[in-house]
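What follows is a pair of complexes built around chain A, which joins chain B in one and chain C in the other.
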Partner chain A sequence: MFDAFLSAAGQLLTPVVLSAMLLGLPLGLVIGLLPGLSGITAFAFLIPFTFGMSPLVGLAFLLSAYAAVSQGGSMTAILLGIPGEVPNAATVIDGYPMTKAGRAGEAIGAALMASALGGLFGCVLLAVLLPVIQPIVLSFASPENFFLALAGIAFIAVLSSEAPNKGLIAGTFGIFLSMFGYSPTDGVPRFWMGFEYMLDGFRLVPLAMGLFAMPEILDLMTSGKSIAQPQALEPISLRQVVKGAAAVFKHPGIFFRSSAIGSVIGMMPGVGGSTAPFVAYAAAKQTARDPDSFGSGRIEGVIAPEASSNAKEGGALVPTLALGIPGSASMALLLGAFIILGLQPGPEFLVKHMDLAFGAAMILAFGNVASSFLMFLLSKLLIFITRVPGHALAPILLVLVMIGSYSAENSAIDVLFVFVFGGLGVVMERFGYNRPALLLGFVLGETIERYYQVSMNAYGSYFFMRPISIGIIVAALLCILWPNRKRILGYWGYR
Partner chain B sequence: MTRISSSAAHPRRLALAAGLLAGLTALVPAATANAAEGDFLKGATVHFFVGYGPGGGYDFYARMLAPHFAKRTGATVVVENKPGGGGTTSLNHLFRSKPDGLTMQMLNGESAIIAQLTKQPGVAYDMAKVSVYGRVLEEPSFVIVNPKWPDTMKEIVATGKKIKFSAGSRTDNLGDWAAVTCEALKMNCQIITGYKGSKGASLAVMNGEADALTISESSAINYSKGGRTKMVVTVGHTRSPKRPNIPTVYEMFQLSPEGKWWFDFRLGIKAIGRVVVGTPGIPRDRLQYLQKVWREILTDPAVIAEGAKTSHDVEYEAPDKLDVKALLDRLPPQKLKEVQEVILKKYSS
Partner chain C sequence: MKRGQIVFPSLILAFTAVMLSLGYFHYQYSWTAFAFPFGAGLAVCILCAVEIANSVRGRGNRAPRASELPPVSLTGVAWLFALAVFLYAFGFVFGAALYLLVALRGNGFSWRLSVGTAVVALLVTWGIFIKVLGVQLPIVPLWID
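Right, the complex of A and B next:
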């Protein structure tokens, strides 16, 4: 085992592999900085370039770019209030208010450090768990996926604790929107109204872009002001960024818990990593002394989603490498890339190519740290964006959002829906409805429906009696009820 | 005049010149026909649809083959991903395109036919009318089961226990294959739908949530590594060279005529495989030229080697062997109803 580790490290330090990583990083950063383009786009765009590369060089190129995408996405979430990818939407909640208050540098510093260390955490866990992971992943079946998603959706209540009713309405509306198009179990399309596009229901990218980007763009256009008000700004400096980065070390509890949440959710092939940052954010808020101040620019609200977002990638590589079953849509593409490079992930892969598996973990770790460093160098430049007058910035952003939304599926109808959901986003913002809650409802609605029906069909109505399912139910209940324990105990008269 | 006399003076030269002239006359019309044949493609932009998102198997084949098509025809080929409706959207789009030979698709022929036969919502195409250029690949299929089950399909059926098949939906190749297998072998079955593609369905067989799955050879071999699942029968007329020790359903079972019909019917659809098709109603000369170009590409040893290098095999089959119209015409209305009943309802949980 240790030999494989050393061999992987030795192979990584060759000039070809290092150059492949250095080539992948900036490409990933650019894709990440464009709103709407995700890790999936990065893989789809870059995989053709790996034809003919040796496996490790190809992996170095792809994984380093992939690691960098997430960094780019969190930058736009913080600076512009526009999540680069869906998981970055959780970062918007506190990151964007920090920018508006002139603390963009601090938020960026915290995000970069949390991402880098969270990514490292995920990769270390990946390397440690790889040899023993198969029975663990196989013990998670449909009921467990269902309860994990259900626990995730319960956090809607936490995300919107300042206005729980409005949060629940938004979340429920998200679940409703997820029900358009093919039913996940019997393949019969619902509410498609004879409109071919609607066979697959509403798409995630236009929804996220519409909800988050359009209201900000409209605001910039109409007010003409820059994102950060000059009078609120202290001079932009790297000192701010360093201060933000140091904040991660002041909150080790939040960092480790968020990274663990990210890794575990990433590891489950059924749930999909988009949930992880929301759950981590909610957990950070739940355990804070003054949860009500979240949403107004708390640095913990940036650290938690960013750490979990990058940690989940290490986690998602676990089932991809150990079982050949991808943990997410982008991992499915990575699996395709492995096959193109002449490798077939699965148990035999781990026996034959343990060095490559360790190599993949190390590349991802390097990618996380190196892209954070690159972003750190770029951060001062990027912060200037927040000072550009609104009427100059808005058209550029609008074009970028349109390109991002169109290129997700090469569909002009997606672009139309950005405007439709943009209208919804504006209304929700105006009336104080929680937009991340809607997004979470949309992402998890389909998962819950799918795994509930599969669980019922496979196990009957006692599907919740499986030990791991019970464990998840108990953990979720504890997490939700713990902050209110005094109130609950008081209510029952045991205080 | 001078020429005549000169020719008369040199009968041998005359014969030679006449021969050359005759040869040239014979050659010139042929060369003109060849040039005319492919003229519509030279400098034109050809749209090559893929019914799924970028990065998947169909996308890979399209991107691998597109440059070869461009090289042979002088056309500019644009691979366009048009995901949606499980491939239905792109095929509808192809049917709405002009029949000029400038639009083609890398198609999952099996899925397209099953969707049409089971009258899936959104289907606005008719596979009987599609212009087939050539098949890229057809893989053998296998039934794989959880390791707790016996080693052969015969023993498994003999247990009489209910067998749970996993699938994405009833018509996604996994679901309809499961239904056909259960019907042909008169098995006690339940089909659990809702898994995310073949990978999700395979994971369910590995962790014991489901018992069995009918799946392509490459996936079956991959998921059987390390004893996670077992390959228990070949679903095909002949054994696969990669797994010659696993008998076919025809060898393993004494199939009733009805049982045999079900396998023959479904294997007939499967034979269409991954196929390159074009808009219906393309003029005959253009269609023949396109079929010729695709035959050259898909039988080119360099292309086959290029595919093999990345585990994307190419095994060409000519369009005349893939008569979709005949396949669909052979199905009487009463039988079609039965097919719909078996695939859509009978074994659904």
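Right, the complex of A and C next:
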């Protein structure tokens, strides 16, 4: 085992592999900075270039770019209020208010440090778990995935604690919207109105772009002011970036908990890593002394989603490498890339190519740290975006959002739906409805239905009696009830 | 504001109720296909009804950010929708560049900045998206397709 580790480390230090990583990093950053484009786009674009590469060089090229995509996405989330990828939407909640208050540098520093360390955490966990992971991941069947998704839904209540009923409306409406189009088990097209596009239901990218980007663009267009107001307290500087980075070390509990949440959720095939940053954010809010101040620019609200977002990438590689089961759409493409490179992920892969598995973990770790460093160098430049007048910035952002949304599926109808969901986002923002709750409901709604139906068919109505399922239910209840224990105990005492 | 606090949940409730009615009466989905949308839709309807009742009784939560936001201007909304018109009329590559030229000039920026931004937009859409990323952005106007 140790030999495989050393062999992987030795191979990574060869000039060809290092060059491949250094080539993949900037490409990933550019894709990440373009709103709407995600890791899937990065893989789809980069995989053709790996034909003829040796396996480790190809992996270095792909995984370093993949690690960088998330960094770019968090920058746009913080600076512009536009999530580069769906998981970055959780970063918008506190990151963007920090930018508006003139604390963009601090938010960026915290995001970069949390991402880099979170990514490292995920990769170390990946390297440690790879040899022993098979029985653990295989013990998670559809009932466990159902309860994990259900636990994710429960966090909607935490996300919207300042206006619970409105948050629940947003969350359940998100679930309802996710059920348009083909039903997951029997393939019945639902609510499609004879409109072919709707056979596959509403799409995630137009929904996320509409909900988050359009209201901010409209605000910029209306006010004409720059994002960071001139009366902001402190000038934006690299000192702020360093201060933000140091904040991660002041909140070790939030960092480790969020990274663990990201790794575990990323590891579960089928649950979807997009959930992890929302759950980590909700957990940070839930355990804070003054949860109501979340959403107004708390640094913990940036650290939690960013740490979990990058930690989940290491986690998602676990089932992909160890079992040949992709944990997400991006991982499905990566699985294809492995096959193109002449490798077959699965239990046999670990026996034959443990060095490559360790190599993949190290590349991902390097990618996370190096892309954070690159972003750190670029941060001063990027921060200037927040000083561009709104009337100039808004049309540019609008064009980028529309082209990014089109590019996700090459569909002009997606662009139309960005406007539709944009209208919804504007109204929700103005009437205090929680937009992340709607997005979380949308992401998890279909997963819950799918795994419920599969569990009922495969295990019958007692599927919730499986030990791990009970464990997940108890853990979720504890996570939600424990921080409120005094209030609950007080209530019963009063009774 | 209070009227809006009632109108929005009412619209959500109406949309959900119409969809559920269509599913039950018109499409006549099987219970397996309909159970989950029905459950989620019913929850939406009940929660919206509670919200409307709270707003009518003056107990609704005030939107936390509403007071910080500038009022929506029709000009701002018109500029947003103008992009859709440009994309439809001139395609994604030239439409986006033309839109930026018009939007920046229209908002009082110099010709130099407006034309420069439009040219950069042309290079980004054509160079990065079409040539490098291989995205098939419509070059010809959408109405010709």
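One rule holds in what follows: the second predicted complex is superposed on the first by the 492 of 495 C-alpha atoms of A that agree within 3 Å, B and C clash if a C-alpha of one lies under 4 Å from a C-alpha of the other, contacts with A are read in each partner's own complex, and residues count from 1 in each chain.
As a working rule, a contact is a pair of C-beta atoms (placed from the backbone, for glycine too) under 8 Å apart; a residue touches a chain by one contact, two chains touch by 3 or more.
Note that the structure is predicted; figures quoted are calculated from it, not measured.
Peer 1: For the three-chain model obtained by superposing on chain A, do chain B and chain C clash or fit?
Peer 2: Overlaying the two complexes on chain A (C-alpha atoms) leaves chain C and chain B fitting together cleanly.
Peer 1: Output check: A:N165 vs chain B and chain C. Expected answer is one of first, second, both, neither. What do you get?
Peer 2: The second partner, chain C, only.
Peer 1: Let me test your reading of the model: by the given contact rule, A:Q453 touches which partner, first (chain B), second (chain C), both or neither?
Peer 2: both
Peer 1: Should A:T185 be classified as contacting the first partner (chain B), the second (chain C), both, or neither?
Peer 2: After superposition on chain A, A:T185 lies in contact with both partners, chain B and chain C.
Peer 1: In the superposed arrangement, does A:L6 touch chain B (first), chain C (second), both or neither?
Peer 2: Touch status of A:L6: no partner.
Peer 1: Scan A:N410 for contacts with chain B and chain C and give back first, second, both or neither.
Peer 2: So A:N410 meets both chain B and chain C here.
Peer 1: Quick one: classify A:V427 as touching chain B (first), chain C (second), both or neither.
Peer 2: second
Peer 1: According to the stated criteria, A:L489 is in contact with first (chain B), second (chain C), both, or neither; which is it?
Peer 2: Neither partner.
Peer 1: State whether A:M214 touches chain B only (first), chain C only (second), both chains, or neither.
Peer 2: second
Peer 1: Using C-alpha centres in the superposed arrangement, which angle lies between chain B and chain C as seen from chain A, in steps of 10 degrees?
Peer 2: Between the chain B and chain C centres, as viewed from chain A, the angle is 80 degrees.
Peer 1: With the two complexes superposed on chain A, say which partner A:S223 touches: chain B (first), chain C (second), both, or neither.
Peer 2: second
Peer 1: Quick one: minimum Cα-Cα distance, chain B versus chain C, in the superposed arrangement, integer Å.
Peer 2: Minimum C-alpha separation, chain B to chain C: 7 Å.
Peer 1: Which residues would you name on chain A as touching chain B in one complex and chain C in the other?
Peer 2: 45, 185-186, 188, 410, 453
Peer 1: Which positions of chain A touch chain B when the two form their complex?
Peer 2: It is residues 40, 43-45, 47-48, 51, 138-142, 182, 184-189, 192, 196-197, 199-200, 269-270, 323-326, 332-333, 336-337, 339-340, 342, 344, 346-348, 409-411, 450-451, 453-454, 457-459 of chain A that touch chain B.
Peer 1: Where on chain C is chain A touching in the complex?
Peer 2: The touching residues are 4-5, 8-9, 12, 16, 19, 22-23, 27, 29-30, 32-34, 36-37, 40-41, 43-44, 47-48, 50-51, 54, 61-66, 69-73, 75-77, 79-81, 83-84, 87, 92, 96, 99-100, 103-104, 107-109, 113, 117, 121, 125, 128-129, 132-138, 142.
Peer 1: For the complex, which residues does chain B have touching chain A?
Peer 2: My answer: residues 53-57, 59-60, 63, 80-86, 88-89, 92, 120-122, 124, 164, 168-172, 175, 190, 192-196, 199-200, 202-204, 206-210, 222-223, 225-226, 228, 309-312, 348-349.
Peer 1: Where on chain A does chain C make contact in their complex?
Peer 2: These residues of chain A touch chain C: 30-31, 37, 41, 45, 162-163, 165-166, 168-169, 172-173, 175-176, 179, 183, 185-186, 188, 190-191, 214, 217-219, 221-224, 295, 391-392, 394-396, 398-399, 402-403, 406-407, 410, 412, 415-416, 419, 422, 426-433, 445, 448-449, 452-453.
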